[in-house]
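Listed after this line are the structures, all set down as structure tokens.
Consider the two complexes below, in which chain A is the common component and chain B and chain C are the respective partners.
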Partner chain A sequence: MSKSWMVWGTWLLLTLIAIFVVVMWMTVSGDRDLLLIGKTTDAHHQIEMACETCHAAGSFASTKAATKAINKSCRNCHDDELSKADDSHPRKKFRNPRMAAYWEKLDARLCTSCHIEHRPELTRESAVTVAMNFCIACHSEGDQDVRQIRPSHAGLTFDTCASSGCHNFHDNRSLYADFLVKHANDDWLAPSPIHQLSALYLARDQSSNRRLADFKAIAPASSLTDSTVVDDWAGSAHASSDINCGNCHAPGIADNQERLQVEANWVDDPDLGVCKDCHKNETRTFRQGRHGMRQHPKIANPRDTDRQLQQLGLDQLMPAFLKSWFSDPVHPLHMTVAEARLPMHKNASDQVLNCGTCHNPHAVDVRHAAVEACLGCHSDDHSVAYKDSRHYALWQAESSGDAAPGTGVSCATCHMAKVKRRGKITVSHNQNDTLRPNEKMIRPVCLDCHGLSFALDSLADESLIQRNFNGKPSVHVPSISWAVQREKEDEESDR
Partner chain B sequence: MLNITDSILLLLENEDGVFLPTQSDTVKSVLVGAVLIDLSLAGRIDTDLESLIVLSETSTDNALMDEVLKRLARHSKTADTQHWIEALASDQTLSIPELALANLEQNQIIERKERKLLWFLRSRIYPTVDFDSKENVKLRMREVVLSNDVPDPTEAATACLVEACGLFPEIFSESELRQCRSRMQHLRPLDLIGRAVISRIAKIERQQILAARAKTARLQKLVLLLSVVGALAAAVTLLSPRIPIPDQFGPTLLELLWNDSTWQQWSGYILLGISLVGLMIIAALKNRLLNRFWNYSNWQLAHVALGLLCILILFTHTGFRLGDNLNALLMLFYLATLILGALTGIVISGVTQLRKKGVTLTRRMRVIPIRTHIAALLPLPALLVAHILIVYLY
Partner chain C sequence: MQILINKSVAFVVTMMTVFAVEAVAQGVSYQRVADMLYLVLSADRAVYTEKVVQRLTLDEQVIMVSEHFEDDAALPLPSQMFRFGSEYVADETEDFSYSLVSLDPINKKNGPGTDLEREGLEFVVDNPDEAFYGEEELGGQLYFAAVYADIAVAEACASCHNNHQDSPRDDLEVGDVMGGVIIRIPVE
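Let's turn to the complex of A and B:
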């Protein structure tokens, strides 16, 4: 064989091997880092290697089936959020055949019409991947022409609909006209500004704070040498709720008071998964937010190499060493601070995001978790400016007992909404629940202390947000005055 | 009995009744020479080294010979044989092949037929009907070459023209040709008019070589220009910031180009197609499959032009976006292939220009750009398959 044939033969062989490897990665299993066509959005980058979470239709599905599956995947995680948001453009509205004329313009039946992944160049605020004047698609002609049906909107351009603090595509709960009119005369600050649910939550916490004696801790003697740990536990809500050492350090035992059982099953560093047995709501909401989304139940598991090969009829042909090489990497269950795309403190890079990151498992100090835990990692302008803000001064006053519970404003006050359900106050651990858009924060948080106009103006002022609301808003959202004016006009025309 | 013109013309016919290029300068010169020899043998003209003299204007009963004789007699000034060969061969009003064919047809050696290709292409063919005549010519030529006797003037002149026309391969096998090469060489200078024909053919060949060189030089300059433009365009593609998609709702041309899957598929597959054509041109040239259709320099120019076209289509496909991960690798290797290809074009086309200025590039200096151009090409098939699969499977 000539040298030339050897060279070209080797090239052909290497090319075929490379193609085989890529096809295996795609259709069977293996690390698919190299296949990513573009940076994933800030929220989804944590789960970008669990491809099947979104690409659920399988490798050989038709384009239609693949698109359908991706959109179903979106709804798997975001449907609850949209339902609670009283979605202004729900999918069911656009599935009606009478809306067919709009499908060509902007098919609102599909999430992917406006939100495409892996296209950082197109990705705007809230992961929107169409130009922000997208309202023009449906509201610029016919009986939906907003410039005709709302004279106040006559001279406005469509790029201002969503950018001026007036409208959102999905969640407009704080922007409904009757809500605006109802709060039109609110003062900028309530006479006695107290966040009611926070006050109730903290009151609940205090009422259950019955300190136990240290000797009631049941654990191996060698684990009771750290008096701080024991002391923290004895003063915690856990102790007063009969949660003893064994509940976490010896999970699964029948009686946490039985010293022998506890000692026999003792684990020094228990998996913090033990928290979820009791804190179901917190666990559920934690998994919905960016801190814990890797543990969301809808996140796809790594592909099973054997099963994939069986489906292709190749399981007998593939040698074992290749099978182990072609296996999906294990998706880490927890995000690390280093993986965050927001600015973080460098010394916190190694932190793993689980319950213990914010909560000392023995002391369970919610006040620490409400501020210091956040600021221990986050170093963006908004977070750094917090300690110079009026909100922090109020939080300090409340924490020192100089002010009533609920008067202080911590990170958690705004970003971890308190929810009252069946008479019980729980904290949503989805810290993104009141964001995207930030007007979602108005009803559950801002309005307890501030007037709607002030809240709208503040949340529309990006510079003020960066300064952590240290000052007055320099932006004015005119929607309240327009809504009031329109109501007056309607009343006059009724007369 | 066939005259020399008829013999040569018969040897020019292939088995389908189609004659080898009778309109080429070389064949025309040979045919003119044949007619002049026939006139000489018929005692109508005489030639020496310096002149061709008309001895008699009496008709020869051959239309072609009479026509040529008339033209020779009409000219008052004395000129040598080579002048007459050149003048008669380039005379647009004298169609020697047509008259010669008419003569053969009249003598029922060939017949005229119209042939239809598809339903609109018509062509005329002249299949031989008197095969013995043609075979006789071949046999005579074999005897002349294979025997060591001194041939008579007619056979010597015919052999001389057959050799000048390069028709001996029609008569002899390859091994015979090798054996008789020296005999054929000896037969060449035996006839004075034949020598003039050979001299004329040599002159035509020299002119053709010079014309080909001039054309190649022009093409090389074009290759150089396109290569420089290609290298700059590829460098711009590599270094330019991406062109943003307009931030306006509704399909704009740029949004369709860089965001619409149908447009992306069109531009992608067109790019692939053109790249493959460019690749196949060079592969086919290397294996000498295309040289018969177009000369090497033309194909080289086409290859460089396709490379430049690829850069333009690459822009419509990507808008200066380099992509991520495997796509970025594909883009980098593709751009490297284009840039190195352009540099190869610059080096190859620049060799001639540099040689004129006394600078000679070593073989190594010429080969390195070609090899790196090919090396950059090697990972592309695998990366391209991966790129296409990623698009369709995800």
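Let's turn to the complex of A and C:
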């Protein structure tokens, strides 16, 4: 065989191997990191290996069908929070054909008009991938020209609309003019600052507790040797709510008081999925948030290489070592601290994010989950500064019984919103409910203790946020005074 | 309250969509379908205004009606109820759409957005007992469009519009045309 044929043969063989590897990565491999076309936005890196979640239209779908599928996947996860936010620019408003003239300016029917994935070079705050003066598209001409309708806006440029604490594209519940006027005379601090829903929630938690005797724990004798665990349980809300060992360690049995049934079905380390049977709302919101989004029911599970090979009829042909290579490593179903993009303590890297990470299932101490659990992992400036803040001092006073429930401010007060619905208070485990844009926090959190103007100014002061609100804001958002001025002028013109 | 509103709107929208698609398929003219849709819309709106809003806010005085109905734990304004239905339809189907528009809108986005809307609104202001019909192309699709007069049927309608900070008019009276309802059906 000539040298030339050897070279060509080797080239052909290597090319075929390369094509085979790429095709296998695309179609069967569990881990597809190498196929990522660009860094994903914000916390989406947690689900970036669940490609099918967004790219649901199939490999050979038209651009239109692929775009439609991607936008549907956005709505699958974010519709709920947009609906709660009373979205100012909902898709349904722009689907009416009378809005056709706007479709060419900025097509608000599609999330992807402003939020494109895998384009880090275009990505701005809140995962926006268009220029921040996007309001100009629809609010700068004719009857919609805001500089004409609002004299206070005459000299403004459009790049400040959504970056100054005045407006958001989606959530304006704390920013609309009548609300600003209503709260124009708020003091910076309420005379008796208490976060009402936290007070009610914590009072509920304490009043429902009644310590049981340790012997009430029904479990195999070998599992009752750790007196701390048993003692923690006996004093917990679980015990006083008749949740005995068998409810979690022997799930599915008919009677948690039947020792024989409990012993026969005992599981030492139950899947923490047992929590969801009782804590439905907490589980649902946990899966919508940054700690549990991989478990959201609309997110594709990690790809199973064996099943993919079976579907392609290759499972018998593929050697075991290749199967193993393509299926490993598959991203775990639960997020780990090591995968976080935010600064975290190195010694927490191995933590897996599930219910038990923050909640000791036996002690069920919500106060631990509200502060120490967070600070055990998070090490960014804002988190580290918390223990030097006035908010933490208030939390300590409350926790030691020197101040009333609801007077302290924990991490959870701001980032785990309490929700009252039909007389029942639950804790949303979706941090997005109050996180970004940060004005979302004003109504459910800040306004119980602070005035609107102080809250707006504080949340617009990035340096103050990093110092965990240790001090007073050095930024002033003028929206309240503008709204009040307009109200006055309107009243005067009516006279 | 919100769930009740959503469910009521969803039921009406589903029935209207089934009706509109079937009617056009059976060879009923676009004009006739639009007229019938308008009858349903205006009837529902009148029932909400009289049997819910007026009865509970004015007669029995048990609840307020408010533009910020969620903040104020109040009833939505009849025009908001109408718009919610319109948005619900837009979310569910492209088989037809409807809007509440005006030559003197409180919210500027509800002003005439196309030449046909302006022509139709001017026609119904002059001829409140008649509808305006026409065709226009929007976003590459041809639509049959019908415009019907939206009349201030109660003192509350006129006074609310007259006193609103963003209203360009303060002289509306009961019986005046405040705007129009426009229904569009894509022409196959």
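Keep in mind that, in the parts below, the second predicted complex is superposed on the first by the 457 of 495 C-alpha atoms of A that agree within 3 Å, B and C clash if a C-alpha of one lies under 4 Å from a C-alpha of the other, contacts with A are read in each partner's own complex, and residues count from 1 in each chain.
The rule is short, and it goes like this: a contact is a pair of C-beta atoms (placed from the backbone, for glycine too) under 8 Å apart; a residue touches a chain by one contact, two chains touch by 3 or more.
Remember, predicted model here, so these are calculated numbers, not experimental data.
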item	value
First, second, both or neither for A:V23, with chain B first and chain C second	first
Which partner reaches more residues of chain A (counting touched residues only), chain B or chain C	B
Chain B versus chain C as contact partner of A:D490, first or second or both or neither	second
Which superposed partner A:C51 touches (first chain B, second chain C, both, neither)	first
Chain B versus chain C as contact partner of A:Q144, first or second or both or neither	second
Which of chain B and chain C A:K93 touches, first, second, both or neither	second
Touching partner for A:F158 - first (chain B), second (chain C), both, neither	first
Touching partner for A:I425 - first (chain B), second (chain C), both, neither	neither
Chain B and chain C footprints on chain A, overlapping residues	none
Chain C-touching residues of chain A, taken from the complex the two chains share	86, 90-93, 95-101, 103, 143-144, 149, 178-179, 486-487, 490
Complex interface listing, chain C residues touching chain A	67-68, 70-71, 86-88, 90-91, 94, 97, 99, 101, 108-109, 111, 113-114, 117, 138-139, 141, 143, 165, 182, 184, 186
Residues of chain A defined as touching chain B within the complex	11, 14-15, 18-19, 22-23, 26-27, 33-39, 51, 55, 59-60, 66, 106, 121-122, 130-134, 136-137, 158
Chain B - residues contacting chain A, complex	242, 244-250, 259, 321, 323-327, 378-379, 381-382, 385-386, 389-390, 393-394
